[in-house]
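Two complexes come next, and they have one chain in common, chain A, joined by chain B in the first and chain C in the second.
== the complex of A and B ==
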């Protein structure tokens, strides 16, 4: 058996680079070695599968109806988060969904959203320039930011502006003229026309470059002048130092520790300027390979030390809880209901509130969302017949968990080697102590007691952190 | 029936995404309107005429009825100088009253803090919807966030009442304040405590409520119905906040914008109808705003981010009418193609803060700004 510190570190890595892992998985990963695990996460071997799509389709054909059903679209993605064998691929897709926030509220064509997420899975750890170029050709993004309405003779600057403000450099690094010129360079980058829903129904969109609608005149962008097309704008903007900093700060905020909200980034220094500089160096020296930044980041001491320094996003709360209790590893009819849970906690996946995405960190928490998080975990660990819960219970039985302290500690370990403040530990210990030693002769009572302890741990402030 | 003077209450309704001012309150006699809006403009005959120069867009019929009863103030040209034309930034500015730096405290949260400085009521301010808008975020000020009044509560899955009571008791102890915690942990603890207390109090609201008013099924109408229930349960809530989205009509505005205003008009009308049926509401005003207006000239199928916008104040206590000046549509007067704001949004807040709530406005809106006399 691996030592506890190795397991706790691996649990940390898998929470951040995925959606958590159970004890059996952690043991196997520790045996492989930390650095080897990181290498496999950023470069998954070819035999690894993503979400078990064929199983999902067999039981929920609705997830891929043309045009999609928004709820089933969320179910589709959530199922992938829980069942994938390439967790970082799924996590990086969620990361880019935070940054390149596109919403079905406007698209009303949910499988275009799923197509975009699929693109994030494929390119999300690859070269940043390739990714941003593909993003500018992505039909969901084009429609979301109206580039299909960006014409040679009628410039629509929505995409041009957000490309600079939210997807590359960040605000205050460019002028209004740059926005205008970038927008002109993307004229003619459109999708096959969106037909009215009636009577045709929804149908898939395709990227289309219309030369006759492109502005071929000269443009001056960030001090350079030429007959720029969209590719040229991207080529210029990815090389800006501001872009490296902006993207790496997003990566740090998402994977390492909570930063202030994005609008404050021009004013407030980073939480760890040294770490951010180092990430920027890797980003630039690797010629903008996201994979290399991730590899470097996960292997850094400051990452390993950053345990429980981020508030879990609602998607993380839901997916990791499902993984822990072993719910919906097999597509289950309840999936359509459970996939709405992140929304109740303030994160409607595939439907961010705006192009700025979600405010993260402590802004995930308000009295309503905190209630939803606590209630969700409690309701799920109560389902002691689920396979994940069964495994946890039988593991404790085999280990001979007996005293209330053993019970508390074992539950904490099964919930990601959670660390408690002394005040919280004292309260939970007292509560556990009042129940006396474990009585394994009544297995259902023992299970209920474990479930209750896990529900109460799920209700702590500490459990809100990843 | 009540005749005693009740504490003033505000309902803030945020039109998220940048509501198109020129297609909401329309200068229908101005040829420049039709010239600039060849694709998403309304026809003269479809506009609901309000006076000789201005009209409401066609789905604002229910608002026009309230306007005719003298209950709607239209505040023109509202905004602030140098609009960043970014949703994120602009909404932040409206929320924090800090155009020049990133503010951390929301104006409505500050109002709640002043109204209840000793935090005697965790329900002084409530957001209806998921998440918390920055307007309500002030460290240390409890704000409840209720997405659905019907299912609000903590550890509601524990069916055994005795066991649940013990769990809630443990919870309250685990979330009691500590010394030397981090900001985030302190915030979590106070939020958890407030959530538990608030959920306990607010559950009476649906029980006490009955009404003949039928609200439409739109999300905003349902939120307004929840607000009416909590308001009428007399739980001491003074600041209600909710929002409707998305007004970001870069494209397809001709279809999307009327649908949004239909939701708003019908929901707001049902809300005030409900209060009227219960002979209450004289102490309630509603304030509607958006983070910016939109560009004067349409882009072919929608309008891009602009500057000056329009706000509305609605209620029995409102002195209805048009306030301020509609900014000039002349090309020479536009800035980057946008209407130039001529009235600072912090002035409209000042009116509310001082004349409605009787509070000192300067520390809430970060300065002294010209009020608008839209309150009776």
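== the complex of A and C ==
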């Protein structure tokens, strides 16, 4: 049996680098050692296969090419989040979906959204320069930011502007002239004509470089002059210190602790400037390897100390709750219903509100979204026949959970070694106390008490934090 | 672009394709199984999506692309006269009278319709025991008009009378010869032997009706299984075996001795009759198609073909091209002679 502090730290890591882990998984991970687990997360062993794609497609063939149907696309991704054995690969895809926010609202083509997410899985922990170059060629992004309308003789600045403002350096680090010149460099980067959706459904979009539509004239970008093409712009921009800071601050905000919203970054200092500087150093010294930044970040003391310092995103609430209760270990019917839950909480995955992505932290919470979060957790922990709930109940029975305090503490541990304020603890203790000691002779009643206590914990402020 | 696929002494000539994307009427929604009647009539089950469950149904049509109707939006639950809808519609098979048997992989039941789609009865008990249904997937009738049902969840193959009385069964979960990992489609050849698509073990296994293992159809390329989650199998009159190699987007053809002899990748170079009707009503789609330089290369290929059946009377192979919502039809020339080399 591992000690509680080790388990709590591992639970923290798995919440951030994945979608949580149950007690059995935590015990096994602690036995491997914290640093070894981090190394496995950032470099998954070759025998890991990711999400159970074959199983999902066999029973839900409609999620393969969902076309304009965002729900089936969301079902596809959510099932991958829950079933994957490479949790950080799925989490980093969610991270880049936040940063490189592309949406089905314009694409009307979830096939392409899923293709982009797959690209994030494959390249998301690799070299940032490779990733941003692939993003420049990604058909969904090209269509989303109108680069297919960016012509030699009629420049469209949408992609060029967002590349600098949202995907690399952030505002205040470039001029309007730089936007124009970057856009000129990406003229001719487009997609091939699409085979229309009738009569056999949509076909993959493909990148195409049209030399005849590219502006080969000289450009001056960030103080450098040359006959730049898109690759040159990326080569210049990834080396800018502002890019390191912008991407590392995104990583910190997503994986470590909530930062102010992105538009405030030029005026609000970072939460931990020292940590951010250290991340930037690793980013630059490793030649922009995201994997190395993640490895460094997860092993740092400031990460380990950052427990419960960020509010869970809706996707995290839903996927981690499904994992905790053991829902959808098999792709049962009902995926189309459950995959809408993040949207009810304010995060329609595959369909962010704009290219700026979602506002995070406390902005996830409003009266409607909070209620949706609480109800979702309550509904699921009340399904006490689900395998995850059965394991929790049986674990408590074996441990001999007896007093109301035992019940509360054990539920907190099974929900991720949560920590409560004294006020919350007092209220939950009082409620638990009113029910007296556990009566295991009536297992159904005991299960119901556990579910009720977990639902109450799910309704606390503390549970909303990861 | 191969429209004819050739192996020693035989050739498969692409004929045409049937279908289009459609949640009702002349179209398919994620078709997952097919059965061919003697009179050129075909039945396809449509899994559809949870988002649009109205598309769950059986489509009836002819090999000549005549749409005959659809049914099965409401089957009969076991032990009840109340209609219910399918959840995971799966296998379809026809008895000698032409009645249509349709499985539901989630509800674990078989619904029976007459050839016009009128519900007749329903049977099946969900469970893991002998004669119980656990994820019924592929189905096929034998020469005695008994129905063989593949239990995908507990890896059992079971034989029933037409009214659902258990007769016999074999199989268990595992990787050994005679075991299965989430099996799917089934075929019965002219000798009464059974072929089972062993989905999770990347192979097809052949058995006597008594469950004695006869042969395994699989091979390796570069140390990897060539088949990737095969979903269905059918056999022609010469004993050649067709396997929908689902995750590889192709059909693999083996000779009767289990030697791989040819591959089909899909040859839908033309638009089907139903598809053309859809295009005629959408002139912008026609215009958009003209812009695509490699249209045929993209259009022709199978995407996740989930099922196949063979019409031994007419030597026609039907491949259910699931993600493309169509059926591709091939004609076999089984007396094919190669031409002279120096032509």
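Just so we're on the same page, the second predicted complex is superposed on the first by the 456 of 466 C-alpha atoms of A that agree within 3 Å, B and C clash if a C-alpha of one lies under 4 Å from a C-alpha of the other, contacts with A are read in each partner's own complex, and residues count from 1 in each chain.
Definition applied: a contact is a pair of C-beta atoms (placed from the backbone, for glycine too) under 8 Å apart; a residue touches a chain by one contact, two chains touch by 3 or more.
Computed from a prediction, not measured in an experiment: that's the story for all the values here.
Looking at the shared chain after the overlay, A:193 reaches chain C, while chain B stays out of its contact range.
Set side by side, chain B and chain C differ in how many residues of chain A they touch, and the one touching more is B. By the touch criterion defined above, A:9 lies against neither chain B nor chain C after alignment on the C-alpha atoms of chain A. In the superposition on chain A, A:57 contacts chain C only, with no contact to chain B.
Contacts of A:424 after superposition on the shared chain: chain B is touched, whereas chain C is not. In the superposition on chain A, contact is made by A:71 with chain C only, not with chain B. Once the two complexes are overlaid on the shared chain, A:203 sits against chain C while remaining clear of chain B. In the superposition on chain A, A:282 contacts neither chain B nor chain C. Of the two partner chains placed by the overlay, only chain C lies in contact with A:335; chain B stays clear of it. Of the two partner chains placed around the shared chain by superposition, chain B is the only one that A:176 touches, whereas chain C remains out of contact. Chain C makes touch with chain A in their complex at residues 20-21, 29-30, 32, 47-52, 87-88, 105-106, 182, 184, 199, 229, 231, 247, 268, 271-272, 274-276, 278-279, 282, 284-285, 288-289, 291-293, 295, 298-299, 303-304, 306, 322-326.
On the side of chain A, the complex with chain C involves touching residues 54, 57-66, 69, 71-72, 75, 192-201, 203, 332-337. Against chain B, in their complex, chain A makes its touches with residues 105-106, 145-146, 148-149, 151, 154-158, 161, 165, 171, 176, 258, 262-264, 267-268, 311, 343-346, 348, 353-356, 359, 361-363, 365-372, 374-375, 378-379, 382, 421, 423-424, 427-428, 431, 452, 455-456, 459-461, 464. If you check the complex, the residues on chain B that touch chain A are 16-17, 84-89, 92, 101-102, 122, 127, 130-132, 137, 142-147, 152-158, 163, 166-167, 170-171, 173-175, 178, 181, 183-185, 187-189, 191-192, 194-195, 198-199, 245-246, 248, 250-251, 299-302, 304-305, 336.
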